[in-house]
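Quick notes on the structure that follows.
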């Protein structure tokens, strides 16, 4: 789908959403035909629904429900949110595309829609965030709790998250209350965007557009990770990281040195290049 | 609630518990009124119960049940434990206060009671621990397994844990069989208090009072983390850490140096100061 | 059970499986008698079944089911897989023995069978892998998703895993699509065997026989961890590690130095010796 | 609510529905306050909903769901039906009023809405009937099956039923495919409106307005029960019954004789007078 | 257990209850051993419990729960009722004995306890009745509704029922608000003790001690069925029936004639003699 | 499918079963395509299964399960029964054909398989009966109890039932321990085949081949209903009914008189002619 062919951005959104939803239905239809044992699941989650919003609301309602928080209540909540705010659905579509393009293990849109806990947690978070901004905080926090229990993904409902996000694997991700995540960011599992103590206020990281954060990285405090920066797996980052640089290690250092860090041209949040800095990583002495 | 006003410690406990429970009911009442979609949940978990013990037993029973381990069985188990051992409830109250005071994202006692998987896992662990000490080990281990599945918090039922504990975020916490955790300790997510191999016996860390352990820290072996010590996020600690010092890095080093480590005055498990050591952390060279 | 007593390997497998299953039944019988509150659970999961295959299929079916993926469907799926491929059951038995021998906290085979999320995730993965190799990929991925949700263990169904595996604690383990794990490997929780970016193809680690990978270690890319190697907790490994050496730290270095690394005699995946290298770890300066 | 005060029938409907819904909320609020153990139930079923349609859809969805027919699917189905056809809701209101006025054991509208299986079965039937008329027969029959299982009320989805219906107690009611029930009819439990054999076509009873059918009465074949007629409990009726007459016995006879049957002035379906004919029932010889 | 051996009635009750409970445990133990597929069920419902009250509360809680009325809530409700009012348990024991003695198909006490819907509905009704007398009417009616849904037994919570009751088969039984049932009564399925119209007040039958009411009998209005009377299957009774007489037919007549009805010596509610009157039933002309 | 074309009766059975199963799949496929909301249900219950036995086992397991009797256990039980005894499946096919041919409201085989509680209760009863004959009585009675709860159909597991049975509507049917039902019998709802008191032994009706029993009929005692007899709705039958005669009324009389009863030529159990005797029923005087 070449971007140039599309004129009107609003229409684009709608057109793109329709196209992605059509793809999802086609994929699910194909899979239901080839695998009867899965057909019931695919019909209930995708093929019986008339729109991506309804499919997502159904799937999230059934994933996140519990004996004290019924699926019908959650389904209603999600459906109302998706109906009243089209940006939620366009963000979901952007996330689906992000997974499809960036993750070689993502074999189809429907694969992501049904199975990616990071994708599902992110969509549910967006609804929780909306409730938070509407001052429906107890409900937002209850939803947050269900997401953290079911997906082991713990994103505070106040955290602001852009579009085109890939939470890959996602287990163990923690994102604090005043964190901000830009667009086209990729975050691996066990990543923490944490606070700095018991004082309230703005105390969590701000992640620029196009950032890539490797597995197990811990970023603490109201620090700024510049756009297009890359944080190596397992890094512990406590101060700002300049745009398009790479920070690695515990404590994290800039690849190329503090004074003249190497700058990369690509957008690591999109290219997902985890390891090209290895040759430059001088201490790596195995 | 100034501590000085209270004379009799036993009475204190009871008075404090009554006060916290009254707060919880007030909060839940307020939230139920402002958010009808949540009212059913708040009535079933809090407002229909006559005591914190019953509320907790109900909530844990419904959270931890499965198709092969029924909620009624678990509810009974929790209720019997809380009824027969008042220290379980006073520990829960201390933990509620810890979350309320130390975690700026904790907006109310009821928020913690209902939604904090670390809080809930800890209370369920205390019951599992009690079963363990009563030589009801298979049941203790079955309960342990449910806690690990549902909350992704894996605390061996033999581990001994004090009061006033905050397991913040909590996903991925692992605490081994012979570990001991003192009072007023704060432990972030992904923290491991692990063993040293396949030999049995006393092989896990001993965490002193008032310790703060940052996200993703790994402490292995029968080592002693002195009271009031602080372990930086992502640190890997394999030997003792002196009281009121800070260990950071992988492998962990003492801030200020091995010979004359900096000593802090505050109790980090209570102050939750994660990052003040940054300026002293000489290798941090971004 | 001295290995020398047994002649025919095939028969061995069968005999050993029968012996382990008999042990499990004896243990469960004893526990059911001493703990009436657990008896119902033990009868439904173990004592009512005529074979380990049926017990496992029942237990996994009930653990992994959801409102949209019924326990009866999953039970059927597991039972068919175990019936048609005896190697699945012999691998389960090897894993049970691994847990029993290597983990001092594993008090019985039935304890592992019922409660170890790493064990259960691994057995379910083997079935998902079998579906993957039969080109039933959508079903394999759906099963993968349930395992990742329920156990917080995320093993891509294409990953190849040997026998005698211990996933200890297991929460947060991530194993990528083209990863290979040999026999008699022990892997602690939060371990990542991850890829290197958005390009497909062979991009994940290859773990040799007898390797031990400590908690929170991250191994990225198509690197080879030689047989009998040991990876320290929290290490970040991006290049090959020679056999029987130990890599520690972030970035990981070889204990003893790159040129002449110390070589150990034991098989760490079996001995589970996590910490003996401490004295050699020169930078560890607390 | 004097009927004379209302001018516009359409508006009346809406006004009356609003009034009844307000009553229901008031009743539920009062009961929730006086009975905390029931508050959660009352909030989830009534107080959290913004309209009678949503409340009914939620309640029916949760009552009629099963492991293979999810509550979310049914909720959606009911909500769509009630939204697209306002006559369904006005019929529900008429039925609520019928129960409230005619049944002295009906203490409130909410009592009927929540607890009367006859009321609930009737509302669900109306949705099934709508699906039937839309040629969505397999779905109508599946819904019919759930109603018959859950409420033991078996009304064929093709049967046509008026408004202001009271199915009192309702267990065991059977209404065949071509049966028609007029307005303001009261039908007790175990009543059969059955067919005459294996030939298709119009083969079930036609019940006029205002008819009262006593418990256990069996009416078979395409017979006409005239408006305002009364069928005694346990009667077996195989031929037409004239308007405003009373048929009793097995086989049924007209009270007063075939030639000059007694005619009553009241509308028995509304007056619910079961027994005033006793003195006239000559054979009754105890 | 000869009655003469027992001196103190209170003690008797307690002793008898202990004896019956011991029998139930012995039966369940025997069945669990001979039928592994049932052992889990028997342990969860009987063998894991320390008293009949707890077993019944557990069983009823799990039978009557729904997605909007949780088993833990009901379990609590039943346990509190049974604990606070010992007469509920002694009535249950009397009913168990009634089933065991009168119903040749009742093979054991545990068979009745677990499987007889009439027995279970009656015990749940007694709790609903207790709530009713405590002015907890909305809760009583909600419980009533669950009993009617689950067991198809519809006993108004205000109805007063004695001890030693056998509701045999029980499906379709309807007992109205002001009905009274004496001791040692046996009532078959589809029996109605119904009212007379829409006027409130005392309007339902009064059933004397030792009465037997055959399947499908309908008794309407505030009529008195004298002690030891027998009502034939399918009868429709609208006026009083004298003690120790038999009423049959629709409309019901007294066997032996209105003036000098035959009087039997036995207590039909206990002897369960349904058919001995056949020879006297003159109209029976097949 | 002309019977004459088939030679070998055993083969016939198998061929017929295959043909009916193929029909069921075709019907379900068609319905799934036309009604997406039902497709998930149709795939899970029918289209994902490889045989009628598996489909029925799945459907019954999910219908009859409860929180204390899991679907996986019941599925296993049914599957084992159907696998080991092919006559169970051939009886199911005969019953499917009976419903299809005799009930004009039965629009397809799949309609009966999925939705007819009488059909489902009968198939589950046959399995319970098999368990009973294998002396697995506690399990048979537990299954009986589930059938009675879920379908309100109460058939004692010892009762013997032929093939080609139609339990139409079925709610409230009660069949006692020593009852026998022949082949090609049709029984409407609320029919009782009951006993005669508290003495054990052979005490229930014996129903000949081809009998039709109308709604609400009560047949009590060890009486013989001759082959091809017809029992009118609401009749109470206490003595034998000769073959091919019609008994009606309470008490029942033979149509045509006791001495020279009218004999019909057809087989009413197959022709389902409920009402042709009306003209002969002299007392019917409306």
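In order of appearance the chains are A, B, C, D, E and F, and numbering begins at 1 in each one.
The criterion applied here is as follows: a contact is a pair of C-beta atoms (placed from the backbone, for glycine too) under 8 Å apart; a residue touches a chain by one contact, two chains touch by 3 or more.
Quick caveat: nothing in here was measured; it's all calculated off a predicted structure.
One of A-C, B-F or B-E repeats the interface of A-D: more than half of the contact pairs, counted by residue number, are shared by B-E.
Set side by side, the interfaces D-E and C-D show unequal numbers of C-beta pairs in contact, with more at D-E. Each chain gets a centre from the mean of its Cα atoms; for subunit D and subunit F, those two points are 28 Å apart. Distance from the subunit A centre to the subunit E centre is 59 Å, each centre being the mean of its Cα atoms. Averaged C-alpha coordinates put the centre of subunit C at 51 Å from the centre of subunit F.
With centres taken as mean Cα positions, subunit E sits 55 Å from subunit C. Each of residues 37, 40-41, 44, 48, 62, 67-68, 70-71, 73, 152, 171-172, 190, 216, 234-235, 250 in subunit E touches at least two other chains. Residue ranges on subunit E touching subunit D, taken from their complex, read 66-69, 73, 77, 136-139, 141-142, 144-145, 148-149, 152, 154, 156, 171-172, 174, 176-177, 190, 192, 194-201, 203, 216, 218, 220-221, 234-241, 247, 250-254, 258. Of all the residues in subunit A, the ones that touch subunit E in their complex are 67-68, 70. Contacts from subunit F toward subunit D in the complex involve residues 31, 34-35, 37-38, 40-42, 44-45, 59, 62-63, 65, 71, 101-105, 107, 111, 114-117, 150-152, 169, 171-172, 188-190, 214-216, 232-235, 248-250, 271-275, 278, 281, 283-286. On the subunit C side of its complex with subunit F, the touching residues are 44, 48, 54, 58, 61-62, 70-73, 75-76.
On subunit A, the positions that touch subunit F within their shared complex are 32, 36-37, 39-41, 43-44, 47-48.
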